[in-house]
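Letters A, B, C, D, E and F mark the chains in the order given here, with residues in each chain numbered from 1 onward.
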Amino acid sequence: MDTTALIMLIYVLVLASFLGFELITKVPPTLHTPLMSGSNAISGITIVGALIATNEMGFTTLSKWLGMLALVLATINVVGGYAVTDRMLKMFKKK
Amino acid sequence: MDTTALIMLIYVLVLASFLGFELITKVPPTLHTPLMSGSNAISGITIVGALIATNEMGFTTLSKWLGMLALVLATINVVGGYAVTDRMLKMFKKK
Amino acid sequence: MKVGVLKETKDYELRVALSPDVVKLLKKKEFDVVIESGAGDGSYFSDSDYEQAGALVGPASAVFESDILLKVNPFTVEEIGQMKENAACISYMYAYQFPEMIEALNKKSISSFSMDAVPRISRAQKMDALSSQANLAGYKAVLLGANHLGKIFPLMMTASGTITPAKVLIFGAGVAGLQAIATAKRLGALVEVTDVRPETKEQVESLGGRFLTVEGAEGVKIEGGYAKEVSAEFLEKQQQLIREKIKEADLVITTALVMGKKSPILVTEDMVKSMKTGSVIIDMAVESGGNCELSEKNKTVVKHGVTLVGESNLPSLLPVNASNLYAVNISTLLLHLANRDGFQLDMEEEITKGVLITHRGELVHPFTKSILSK
Amino acid sequence: MKVGVLKETKDYELRVALSPDVVKLLKKKEFDVVIESGAGDGSYFSDSDYEQAGALVGPASAVFESDILLKVNPFTVEEIGQMKENAACISYMYAYQFPEMIEALNKKSISSFSMDAVPRISRAQKMDALSSQANLAGYKAVLLGANHLGKIFPLMMTASGTITPAKVLIFGAGVAGLQAIATAKRLGALVEVTDVRPETKEQVESLGGRFLTVEGAEGVKIEGGYAKEVSAEFLEKQQQLIREKIKEADLVITTALVMGKKSPILVTEDMVKSMKTGSVIIDMAVESGGNCELSEKNKTVVKHGVTLVGESNLPSLLPVNASNLYAVNISTLLLHLANRDGFQLDMEEEITKGVLITHRGELVHPFTKSILSK
Amino acid sequence: MSNIIQLAYLIAAILFVLGIKFLGKTKDARKGNMLSAVGMLLAIVATLIDLNLATFPEMLACLVVGGGIGLYYAKKVEMTQIPEMVALFNGFGGLASLGVALSDHFLKTEILAVEIDTVNSVSIIASVLIGGVTFTGSVVAWMKLNGKISGQPITFKGQHALNLGLLLTFLTVAVFTFLYQDDPMYITILVVISLLVGILVVIPIGGADMPVVISLLNSYSGMAATATGFILNNNVLIVAGSLVGASGIILTQIMCKAMNRSLMNVLLGGFGQTTTSGPQDGPQIVVKEVGVEEAAMLFDSASSVIVVPGYGMAVAQAQHVIRELMEQCEKRNIQFRFAIHPVAGRMPGHMNVLLAEANISYDKLIEMDEINDDFSNTDIVFVVGANDVVNPAARTNPQSPIFGMPILNADKARTVIVSKRSMGKGYAGIENELFGYPNCLMLFGDAKQTITKVVGELKEMS
Amino acid sequence: MSNIIQLAYLIAAILFVLGIKFLGKTKDARKGNMLSAVGMLLAIVATLIDLNLATFPEMLACLVVGGGIGLYYAKKVEMTQIPEMVALFNGFGGLASLGVALSDHFLKTEILAVEIDTVNSVSIIASVLIGGVTFTGSVVAWMKLNGKISGQPITFKGQHALNLGLLLTFLTVAVFTFLYQDDPMYITILVVISLLVGILVVIPIGGADMPVVISLLNSYSGMAATATGFILNNNVLIVAGSLVGASGIILTQIMCKAMNRSLMNVLLGGFGQTTTSGPQDGPQIVVKEVGVEEAAMLFDSASSVIVVPGYGMAVAQAQHVIRELMEQCEKRNIQFRFAIHPVAGRMPGHMNVLLAEANISYDKLIEMDEINDDFSNTDIVFVVGANDVVNPAARTNPQSPIFGMPILNADKARTVIVSKRSMGKGYAGIENELFGYPNCLMLFGDAKQTITKVVGELKEMS
């Protein structure tokens, strides 16, 4: 990876991290768990990595199998994460 | 400019804008003017552009002269901006 | 100038025109002060208190030597007789009620100033004895009522059952009425109030009372902050509303006065009959005829199971405060009118014009004249 | 079972043992109730009110036929003489003071229950007439005091000068004392309080009073929430503190009782002398000897310029509330002891044990025995 | 990568930002979750477009299997078990990151046989460490929470030394991994160590602190995704990962603060028991505490409130601030009443005097007999410095000195919040088992001070 | 560009972020300004390193001249003139962006003679437009503020149509600029139009709204910097520019909200007069309003406060919330007292009753005669629903019906804040010129409601 590209990535990393800090300031305690769960689902973005890792022909390599394992796990995380968060949040609706 | 580079720049633009939005949430009214003045000084970052524009040999081209004009103005903005902001803020110190 | 203070002679009167504190003030302004011996006893001001403040204490005869005589109650014809010619006097006068007093004053060419005629303007508030005394009366009326009542005022939820709050119904939200509201609220009662002046609603509510609005409140004439005259129609509507409310009241306090007139009858015998046994009425207007048909001046009577208190001189039941405040009022007026060298009357000035009743052997007060000439 | 209520015969007593509301309750529990004609007059309960509630109203003789007799004040020997053999009675008894009453009861083998002996446990709070009446007395004491005082309670800043708030000094923060604090505070006074039980400090402050802490407060014996006995040393230190405070007080209310004993003298003649002229002392302990040396039972006297109120029966001055609450107390005790079929006494049960004075011709109450045997 | 995909990633990143932003606001939380899910879908679809069609079947299979499992458990799990579920999902996320990193490592070393450059190498190693720790740490947290292992902190001597040793070993082996990229042994050791560290780090922490731990591990899994992003030179991974990483840290800190703990304190372990009633004799009552913020949320979402004032309200002089609470509630159209027990306080009418002083109108004060049946239909009973007058022992325990005294049926309400300073007893000097009831929450602290804070929170919410 | 410079830019960007963050917090604002200044220095130095040494002299000259001018005016300007100064500086920033864009345009078209690609072209045009508008707009704002032109909104018929026409022309010419890059005419037209638009947009806005306009133009100058960043493919310009652009928009909105206006409302112009006392007869009193937030800040920074309660406090029943204000102030060790005028309210002792109800202890209530000399040493006098009792006409105007009545010397305090609902008169029915005094600020609204908000703000600040 050339350094200019790396620096661009670091820019993105830094700005996104700042943004992450700023976004969460005052969260009411009832939202702690949903927020955790919802952002956990976002961290399932590794699924993109897993897809790329799975994108290899044949089933002979370790890397392929690892990619597939990762893909299954990441999908659980993503789908389960979003679904359970939504379930929780539905409950908070005021009667 | 190639598109990948452009997209990276847009990432930076988007993230920084979000960050700008999030950073300013509740500002007490007394800080409105200093904040405005202080961030105005930051927008004097065009000075970097002006430096680059001035970086041309000889004094014959329009672009050089424009660059130098820009440089003077940007410097006024930067130096004056920081100085006046600081002056204001010094006054807020509690006795 | 020599200022003299007589001992009050009226029955049940405990007040005195000057307090030792105010004597000190007058001494500072270089007035001489003579106090009749024992004048302050009712207010717990002893002769020696006065002496320490710088006054001379002596018999009445010494006091009558003064240039200016001060009292709370109107001077009697007899007292006037003992005054020096061309002297001056200040006291409550209610001059329109006492033509013989005016005559006596004029005979001796005495300048007389009436405390009850101080105009109710901002500048004169410090001389306004009507307000200062009415205020105390409002407080005392509630205390008297609470004391005559067989129940307590506040809501109380106890192991032996709940005591419901007493209901107090107040007629008139003038100075006395407002203080009565405040005091009754403080003690925890539910307070309802009626008045003919619509602007009193806000004032009543600012003290936590409930204002009973008479629908169709036309026909109320207000003059200089006083309720001047009320239309018969209004009075009837008001009575109708009251008739309902009074049945539930434990304590009724009436304060409605109409300046220079007999006070309106607001509580009729029928209404009294409709009230609960054991309830109490304090008629603060009893001096000028009473707001209740059945109340009797200076007596506490029980009629139709209702206790009617006709105390005509409530401020005198708080003599310490009442004398102190009156002393401030009368001395402020005195200092407004005179300095150590004598009276400096500016006949065009509003306060002077307002309070001066007789001067140089003549009745000069327009309002008094207008009433007496009827 | 037939329950009878006699008219009170004691002077100045306006209370009655049952209210119409409570009569209704007893009827629902299938008791018969007879009321002596006119018994409720003092509390504004008419005979017809009782009849409407389901009671029979008759002459005293009819009442004496009842199985259980109820009263507020102790039954007189004469009254006991008219009761049925083996009947029962409930009232205040203060049995340790009246050996002749006990004798009379035993002679007729009457079971007697004393309202003043209800144990102060949570369960019995609804029967606790001492508390319910003391509470009212505390309120009334302040009102009486405020009425006797020549000043108003609250701070008032007016155009005619500032009236400083009255200072109220309260001895004893029991039930009556606490209610007195609350009432005086409500009216705007500055309230200072002294008590021997240290835990009352918090309670006083919870009502906005200032607690005067006696340094070195050892020697106070507390038994079942009562101040039992106080060491001489403590009393002296307390007096010293009080001596300072009492000079500035406008109103002093004393409530200190020691169960079964003469009440302690807290305000000496010297102290009274040191007080301001015009100040007032309400001695709520006057019945059991008084907390003030100079107070006289059932009289209002002025000594050394101080008004001393020795009203021994304050609750009776609020007859409506007092009777209502007392009726709840006594009926709750009655229903605890008996049902329509007669008494169901469980001699081991704490309340029964506490209130039963004489039974089957014998004095069975241990505390009364212990005092009388001295 | 084609531009269109890059653009899709950019939009996905924006959606994640908005998603997290909204998830922090009660009103918009659900919308936030939706937005970020759409972002995720967009990222996945865009990635798929870019990939080799031939590998599509197995990808689909994995997606279906994973999606099915995730959906199944998300639906099936009971509400009370959600925290454990989140822990487990999070662990899977960590393991996935580890998997991707390993996959890339082996792809490059074994199949492509290229040299892995420094950036990539560091990224892979970071991904392995963070992913591994996240995985086993989350699994331990999950087991602690659902009781598969004890919630008690498990500590042993030399624990910290062991952790330090493992970390040093990891760093050393990491260097070898970089130098001898072809030897799979080194990377395997790294995997093992990270898994071990995850276990060791979480077991000494008590069950009650698990939510904080999970939040922290959640932040880690975000960082792992960021590392993966660096491996794959992929912006959306970096943005999403660092968003989660940073917001997770902040959330963790907020949670610690809400528990009145520092993060360090939590991580050093050995804490995190449920609060008990201190060192008193008799059967200990286990209570649940509630913070002012949460109490405010409870009021905010109630539709009826009954306040039970007691002597403690008088001591704290909390009557004025209770009126403020009333005003806040009434602004929200919440029914607000006071239940006055006849002997609350220390004198008859004690509560009446104080509430009148605070200008609370008489018609809001309801007698015990009148209100006692209403408690069961009430959302929140707020017991302010009362104790004996709501002690169920008066109904149930004939031994109790207050047996037979009528009490307020506060315990019958949906939720009971009790404001008092401690587990101190009331006038009668007896324990109150109401405080341990499942519907009871303790709001400890001086009544005036805590309620002032609750009112402050409520004001902010509106 | 060398990596070291890129790194310097990254750090500068981070410093800008922190700088803006801290500038929003009273405590850290100065530090924030410092941080961002350091970032700026870093960016400049890094840039210089990268450049041609031969051009250094003229750069230095420009820097010295610009810096000198900036510093001189920053030092010299009076505190009251700072807003105009900021406007002017901001305009220079805009013009600088325009200059850089033009310079780049001519460099490429005339010297290098290369084709300008789309991205660059769009960036240049955007930079010209935004820079130009910022410049002339700021200059107009500056002139309005310092009175060089009237603060009155200048409106004429067809204003909006003209603006629209100019904008359409701009777009058209922009296309030509892109197509015929060599012809300097087109870009010149663009410059002229943008300068014109800047003037036209700002003149219809009233002087009182200028701060909002300046804030908006500040945000624009940030955007212009961003555009410049795209021209030069420079990250730090983009980060700094978009930070300022976005935060400026938010700040503008906050300022509008504080003035109870919408941004649209401000921009459409014709508003923005100073509030006057409505359509009453007699000489109109011009008053200054204060918002609850600012009022809270004033209390926060005071060291002594005197409250003057009047009849309006009673009407609003604000006594309880005033006690809360007292508690907040006393927590900050601010001396807090009440000045009781003998005839405040409508009955003797009216204020005493209410303040006693609110449990305010007697020793905080000071009589008029005792406190009247203390006003001049007091930071804030807070007049709550009082009017006649603080009316200086009683001292100065023999014609006034209250002449001769002793009044509270509230006007002598450093700052007077008056809480009332409107310019309504008091009992005496006369105007109160105190409200127009330079040290007097009106806090309009029902006393209870507004003070509740002030207390809320104070609670948040601590």
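Before moving on, here are some points about what is shown:
As a convention for this text, a contact is a pair of C-beta atoms (placed from the backbone, for glycine too) under 8 Å apart; a residue touches a chain by one contact, two chains touch by 3 or more.
Everything numeric here is computed off the predicted structure, so don't read it as measured data.
Separation of chain A from chain F in touch steps, taking the shortest path, is 1. Chains that touch both chain A and chain D are the following: E, F. Comparing the centres of all chains, each the average of its CA atoms, the largest separation from chain C belongs to A. Two copies of one sequence, chain C and chain D, touch each other mainly through matching residues, since over half of the numbers at the interface are common to both.
The interface with the greater count of contacting C-beta pairs, when B-F is set against D-E, is B-F. The distance from the centre of chain B to the centre of chain E, with each centre set as the mean of the Cα atoms, comes to 41 Å.
Averaging Cα coordinates per chain places chain A and chain B 35 Å apart. For this pair, chain D with chain F, the centres built from the Cα atoms lie 69 Å apart. Once the centre of each chain is set as its mean CA position, chain C and chain F turn out to be 57 Å apart.
Contacts with at least two other chains are made by residues 125-126, 131-132, 135, 154, 156, 158-160, 163, 186, 188 of chain D. Within chain B, residues 8, 11-12, 15-16, 18-19, 22-23, 25 each touch two or more of the remaining chains. Across the assembly, chain F contributes residues 13, 17, 21, 235, 239, 317, 342-343, 348-349, 353, 356-357, 359 that each touch 2 or more other chains. Interfaces, counted as pairs of touching chains, are A-B, A-E, A-F, B-E, B-F, C-D, C-E, C-F, D-E, D-F, E-F.
Considering their complex, residues 13, 16-17, 19-21, 23-26, 29-30, 32-34, 36-37, 39-40, 43-44, 47-48, 51-52, 54-55, 58-59, 62-63, 65-67, 69-71, 73-75, 77, 79, 82-83, 85-86, 89-90, 92-93, 95-100, 102-107, 110-111, 117, 119-120, 211, 214-215, 218, 221-222, 224-226, 228-251, 254-255, 258, 291, 293-294, 296-297, 301, 303, 461 of chain F touch chain B. Those residues of chain D that touch chain C in the shared complex are 14, 43-44, 46, 125-126, 128-129, 131-132, 135-136, 139-140, 143-144, 146-147, 149-152, 154, 156, 158-161, 163, 183, 186-188, 276-278, 305, 317-321, 324-326, 328-329.
Across the interface of their complex, chain D is touched by residues 340-343, 348-349, 351-353, 356, 359, 362, 365, 367-368 of chain F.
Taken in their complex, chain F has these residues touching chain C: 311, 314-315, 317, 342-343, 345-350, 353-354, 356-357, 388, 394, 401-405, 428. Within the complex, the chain B residues that touch chain E are 3-4, 7-8, 10-11, 14-15, 18, 22.
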